[in-house]
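What follows is a pair of complexes built around chain A, which joins chain B in one and chain C in the other.
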Partner chain A sequence: MNALDGKTNYFPYLLLLPALALTMLIVAWPLAETVRLSFTNSSLNPVENYVGFKNYIKIFGGKFPEVIVRTFYWMLISVTFKMVVGVAGAMLLNCAVPGRNLFRILIMPPWIVPIAIGVFIWSWMYNGQFGMISGIGQWLGIFAGPFEFLAYRNTAFYATIVTDVWVGTPLVTIYLLAAMQSVPGDLHEAAWTDGASRFYRFRRITLPLIMPAVATMALLSAIWTFNSFDIIWILTEGGPRGSTTTMIVDTFKTAISRNRYGEGAARAVMIVVFLTSFSAFYFYMLSRFAKRALDKTGGKK
Partner chain B sequence: MINKYRWYEYIYIYIGIAIFVTFMLAPFLEAFLVSMRPLSGIFSVPYKIITEDMSFDAYFSMWHSVPKLHIYIMNSFFIASSVTIISLAVVIPSAWAFARFEFKGRDAFLGGFLAINMVGGAVLIIPLYKLMQSLGLLNTYWAMIIPGAAFTVPTGIWLLRSYMMKIPISLEEAAWVDGANRLYILRRVILPIAMPGIIVVAIATFITGYAQQFLFALVFNSKDVLNPLPVGIYQFFGRQTVLWHELMAASLVGILPVLIIYIFLQRYIVAGLTAGAVKE
Partner chain C sequence: MKLLKLAAVSMLALGTFSGAQAAETELHMIQCGDNTWGGDFAEKHIAEWEAQNPGFKVNLEYLAWGQCQDKAKTLAAAGNAPALAYMGSRTLKQLAKNNLIIPINMTDADKATYAPPVLGTVTADGQVWGAPRAFSTKAFFWNKDLFTAAGLDPETPPKTWDEMYSFAEQIIAKTDAQGVGLAAASFDNTMHQFMNYVYSNGGEVINSAGDIVFNSPQNVETMAFYGKLASVSQTGPIAYDRAKLGPLFINGQIAMYIDGPWARARLNEGGVNYGVGFIPAGPSGASGTLLITDSLAVFKGTGVEEQALSLAKYLTNPVNQFEFEMAAGLTPLRAVAGVKDMIAEDPTWAAFLDIIPAGGPEPFVTDYVGLQDAINDAIQSVVLGEATPAEAVAAAAEELEDTK
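Right, the complex of A and B next:
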């Protein structure tokens, strides 16, 4: 409560109105419309009929479950790498060594430039005949001959992950770096005075204190990675033979490339359902871990 | 002292940083190398980093093969700037409402806004297309600007709300007691005090609006003169002869302006992204 509250209590809603109008128009209404479309046989054909759960039954009878598993697999590997590289990178850039300000600037470009442009360059890097990775790999004797990364199911899958990690890591790093810098210096000094080693201080002071930031960033990354479209679309369009088709690519292919709006909408709805369930599960696990950690240290409440 | 490293620790740290920076910058180096080679030299086997036929020719010839490059660059900036202005216009009042007022359903509204993060643009692409069609916005800048702005609103509200919550309320209260109305307070008290936070949100929004220009432009726009840089360049892929060296040159020239701006503003960017988030 404060003085600004005054007598008229509709004022805060007035302040929210512009943002509400914009998000209702662009997010809420289209979301509701997607749900409605998912129960129709909408396509290029102007006549659309309600078909009940037919779309859902159809997609779950096909390859869709496989796509769901692949999406989670892709997302979990990618987010794990982003967090590991991000924590390691933030640690390194937090070291008081000459030139660290320069290095902090140098790691950000993948996040600054348009994602699509970065991915064009990666599509060249993965080229077997002329790309850098295959070329250097051949020098070092890792590959016997030209290796076409995007032509095989397995390597295409991991190649799209590497590019996704490349795009996502700078933001994770800089965020965790800030978290590390907000750790009070006297904690480190006190431990240092007591003779704690650098590694011990990292494990017992830095890591626990940045854990909330890590947990937040991991969830945000997971959501963004789950919805990541540009990277896979430009590199492989979901191929070869469906090996990089995640839920979002699958939805786009069904709805836009094949013009099956109804069926595409059903796939889109499942993205929201799975992502929401995953986030809810994540929060549940997080609160359990937090509780257990508190119990362990004896800190009640 | 506490931050003093032994000589071998310096070596470990620098090796680690070198690997990290290499991973982040290697693609740009590769793009630069490709842009320096003549088309015949690109397709030479085995792979060589430095070749004798390197030149800056592609940077001149690309203006013929990608004649609208400067237009794409301008479009990208125009779209990202418009996204930023629209986003700020709706974010500032909302952030103030969430930071300062108590009202029914406040947490639910905030949660609702944050939940937008869960829905990607690609999920909503079918109804969004129909919406743009019925509003007559297909093949206009608006079709790329309005959806782009809407998806930056949640993060903007979150960052700015956290910033405003740290501002002492006393100034606003003093103005209120002096009889200023609330819109006046928003304009004359909040805007100036929160300006550092607003700048940070503006930069973060601009980068998002700039980096994520692909899907909406690809689906909602078919007029080449309106295309932002990524889609403008994307069209040249999949042609019979892809002029890789010129495309790489065009990509690098295209991203140069934003990289230069970034170098000048990086201090604010780093501060801003972390201001709202970490303290929560």
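Right, the complex of A and C next:
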């Protein structure tokens, strides 16, 4: 770094050193260690040996590809619902209705309540004998008798998604609400004066202006959902028959429950690879959409 | 001057005290749960052992159930093992295979104090790998009021699987309750529940030679019966582990189920009119039960193995162990004198204790979670109708080869 007098100034680099050291310690080193472990047969045995790509070959020879597909499917459905419900919720909370602040507070409990407690409540709600959902379903005549949502592959899969959406939506809503509040009011007033409908104003003013926030939140939400562990673990432990086993659950079972640290590390590395690839693809698509939008407007921002 | 003298004396005293402290060798002991679980007696016994072994101090660390065993294993794998730790006996073979624990050098006289199947829960390759510390068996519970309502004799539980099934059908036909409580969730006690039926039908998972013998006609029969029970059980058994069956039984929603001795307290509290007996026998066997123990494991490489071994043996000697069991409300590991009084006081204990000789151990393998997943998957595949019992058992047996 050059100082005003043209001499190289090393002091700024010195100031960066603590942050760099900390990053190396808490990010780079564990990551490097995970990659190293993934090439070993590390287990409870204090002696570990390098096994090359054996762990990777083994996991791809098993049910792991199925788990990868399931993880992305689970994530896409969950994030889509979170974003749709989040945008709708933010719009409603942005409306000038009486008691708006109260509603803004009331939307937060799913996010505030410790996840374990919230999910445990859901596990009882899904119970056929005592649960509210089955009870209402029977009362409405939808179910002939008690229905156990966590007992079947499909219903368990979607039940975990519903709970994940319940937990994750408040943050999306509040984040997008903040973005909506930053949209200048005079734009809406001008459009309203021109006779634009509420939906038209949302589509042509609000949505384009909050799009950067939506894009950011969608990516963050995707990453959090991809790594969501406690909801599935508490509700189903990955069952029935692996139908709710996502990559993170599979990795935990292998590395922690079965003490196969090498194989678990290989799975963890694959999570990093897939999440990074997904993020890269996401940014690539975003930049393409942004470019197309700019082209449409003749390059004017 | 006086002040200086005082300071010098204090420093000398402090030095002596520190020296005494430094001379004490610490034994790190990990215990699951907290002090309320027989802790007062355990701590009293530890203090007695310390008095008999001057120079050694036990650092007793209580850890939550969900963390204690993982912490002990992780510390051991990292080369910083505790001297001894409370572990599920199911983990001992894995620890032994990885050279992390030492065997408990029991004499024949020591071994003779346990029923052989109990010792089977901690024995592999002819070595005893843990000092049994906690023990449970399972028994068959039935709701006498529902039996009466269904026109069954409330004092006569089913003796065989056929009877159990027909009783269940009768209960469904004549009451609002379901016949049987069935666990098939992806939790460890699903496998435990299934093993009760395996041992009541002459089956095994792994034999004394260490071979996987899961794919047997007896186990196919057991798997078929477990699947068949789903038709007379509460709906969606895959959503239920054993703990969730208790509330159904208390509410009179199921008439029969299998549980441990601890269930009685809740049932008594709930005012349930129930009976406890042996688990009905399958067509190829006699009534049995699953024997589960937790043990004190002595870790290798701590430098205090000898003392840890001595402490483990002291804590689990017949007198101290029974005191601990009574305080913690556990099933007695040995048939000591006090056991007869227990049965006289509460005859329902007989169903849990008299069955011990016919019980089978929790399968002793090196990858317990793998075993549990394989068997649970087989159970779920049959309950969901996605595989025949023979296919499910064969597939599980193949997976189990990787866990022994």
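FYI, the second predicted complex is superposed on the first by the 272 of 301 C-alpha atoms of A that agree within 3 Å, B and C clash if a C-alpha of one lies under 4 Å from a C-alpha of the other, contacts with A are read in each partner's own complex, and residues count from 1 in each chain.
Keep this in mind: a residue touches a chain if its C-beta (ideal position, glycine included) is under 8 Å from a C-beta of that chain, and two chains touch if they have at least 3 such contacts.
These numbers were taken from a predicted model, which means no experiment stands behind them.
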| item | value |
| --- | --- |
| Touched partner set for A:Ile256, first chain B, second chain C, both or neither | both |
| Contacts of A:Leu140 with chain B and chain C, given as first, second, both or neither | neither |
| Partner chain(s) touched by A:Leu220 [first = chain B, second = chain C, both, neither] | first |
| Contacts of A:Ser43 with chain B and chain C, given as first, second, both or neither | second |
| Partner chain(s) touched by A:Ala19 [first = chain B, second = chain C, both, neither] | first |
| Partner chain(s) touched by A:Gln129 [first = chain B, second = chain C, both, neither] | both |
| Chain B or chain C, by number of chain A residues touched | B |
| Residues of chain A that lie at the interface with chain B and also at the interface with chain C | 129-130, 146, 256 |
| Residue ranges of chain A in contact with chain B within the complex | 1-6, 9, 11-13, 15-16, 18-19, 21-23, 25-27, 29-31, 33-34, 37, 85, 88-89, 92-93, 95-97, 103-118, 120-125, 129-132, 134-136, 138-139, 146, 166, 169-171, 174-175, 177-179, 182, 188-189, 192, 213, 216, 220, 223, 226-227, 229-230, 234, 248, 251-252, 255-256, 261, 264-265, 268, 271-272, 275-276, 279 |
| Contact footprint of chain A on chain C as seen in their complex | 70, 73, 76-77, 79, 94-95, 97-100, 185-187, 234-240, 244, 247-248, 251, 253, 367, 369-370, 373, 376-377, 380-381, 384, 386 |
| Chain A partner contacts - residues on chain B that touch it in the complex | 2-3, 5, 10, 13-14, 16-17, 20-21, 23-28, 30-31, 33-34, 42-48, 76, 86, 89-91, 93-94, 96-97, 100-103, 106, 109, 113, 116-128, 130-131, 146-147, 149-151, 153, 157, 169, 172-173, 176-177, 182, 185, 207, 210-215, 219, 228-231, 233-234, 237, 244, 247-248, 251, 254-255, 258-259, 262-263, 266, 269-270, 273-274, 277-280 |
| Touch list for chain A against partner chain C, complex | 43-46, 126-130, 145-153, 236-242, 253, 256-259 |
